[in-house]
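Notes for the one structure printed next.
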């Protein structure tokens, strides 16, 4: 199981899902119609490191952060 | 008569000279060997306005400032 | 990196940073102070911050600044910040003027684009995500 | 424009300028603080200023800033300024971040190149013109 958390304005509680790679996470999250428009513009971190590779292998307990568009300052 | 003042590091007291144009001023100042190397790198103001025209006519009492290279800050 | 759950005490931060670097022989100190403008009828802005990634982002900037012989600092507010108060200060100290001027520009722009901070308008007591002013972080769309 | 015959009280100036613009609905406040570095064995720097032309230079910058919706301020010391104290502060206030970042850069660079200020090193009690670090003003050489 991995944990997926939705940051900032997404306003959704963390979920636990089965996933061996980020591709599995993508497939799962796209089942939720309220998330689809967010995914297009969200970046992703795994255990607080930004990631760019969908084939990245995940291990049990990994924490995946979904990061919507930012505006600090 | 016009007044010529030498600013900053030139370290020369103001002088009064006869001059109808800035060209006259140039000719007079070049007679002073200690000024020649300054003139190459100095800008000029007449009555506190920066000037760029050597043919500029001067009138009695005009104040000409000789401005060496600057470094504020 | 300093985070506050209220508007920034700009004078205190500016002065303390000045004192912190009093012995570091810098030639230029350039702070950038971001203040909430009164516009579109907002009462305040409000901010969420994801602190672990912000710290990571800032640590990388400290390394980059050090390579240039410079020092960067930043402070930001979490939660509500009323109009005409300040939510953000960043600063560069550097021996060299050009390095300082270029670095503060890059640092502030990268902050706007990549610091994990989310902004909301507070309007009629409601908290509304400032979506139109927000920028997708680099690598966005990976899961789409 | 503020001239002082001693090192600048940086905290006082920063804070007062902040208060002066408290109601002007700016979004970005960027001061540039110039501090004397200890180098080449100097004890202090020293400055001559030709005030009428500096005022003229600064007045033109106020007009230019206003056209961009911004405000510029500056303070400088006259005479001796010991190492690790500050001789120069300029600042921009602007509604817009990009305008502020670009304007502070231009304002500081034009100041270095064209403000009628002459700098001297104070070394072993002697006042030595910093010729190698100085820039001929635009229009130089007219009388050569």
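For reference, chains read A, B, C and D in written order, and residue numbers begin at 1 within each chain.
Note that in this section contacts are C-beta pairs under 8 Å (C-beta built on N, C-alpha and C of every residue); 3 or more make two chains touch, one makes a residue touch a chain.
The structure displayed is predicted, hence computed values, not measured ones.
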Chains touching both chain A and chain D, listed by label: C
Chains touching both chain B and chain D, listed by label: none
Chain at maximum distance from chain D, centres defined as averaged CA atoms: A
Centre-to-centre distance between chain B and chain A (centres being mean Cα positions), rounded to whole Å: 71
Centroid spacing, where centroids are CA-atom means, of chain A and chain C in whole angstrom: 25
Where chain B and chain C are represented by their mean Cα positions, the distance between them in whole Å: 49
Touching two or more other chains - residue numbers and ranges from chain C: 34, 97, 108, 112
Sequence positions of chain B contacting 2 or more other chains: 73
Touch-based graph of the chains, sorted into line, ring, star, complete or other: line
Contacting chain pairs - touch in the sense defined above: A-C, B-D, C-D
Residues on chain C engaged by chain A in the complex (per definition of touch): 34, 47-50, 52-53, 56, 76, 87-88, 108, 111-120, 129-131, 133-144
Chain C-facing residues of chain A, complex: 7-9, 22, 25-26, 29-30, 36, 39-45, 48-52, 54, 65-73
Parts of chain D lying in touch with chain C, wherever the complex brings them together: 10-11, 14-15, 18, 22-23, 25-39, 84, 95, 97, 100-101, 104-105, 108-109, 112
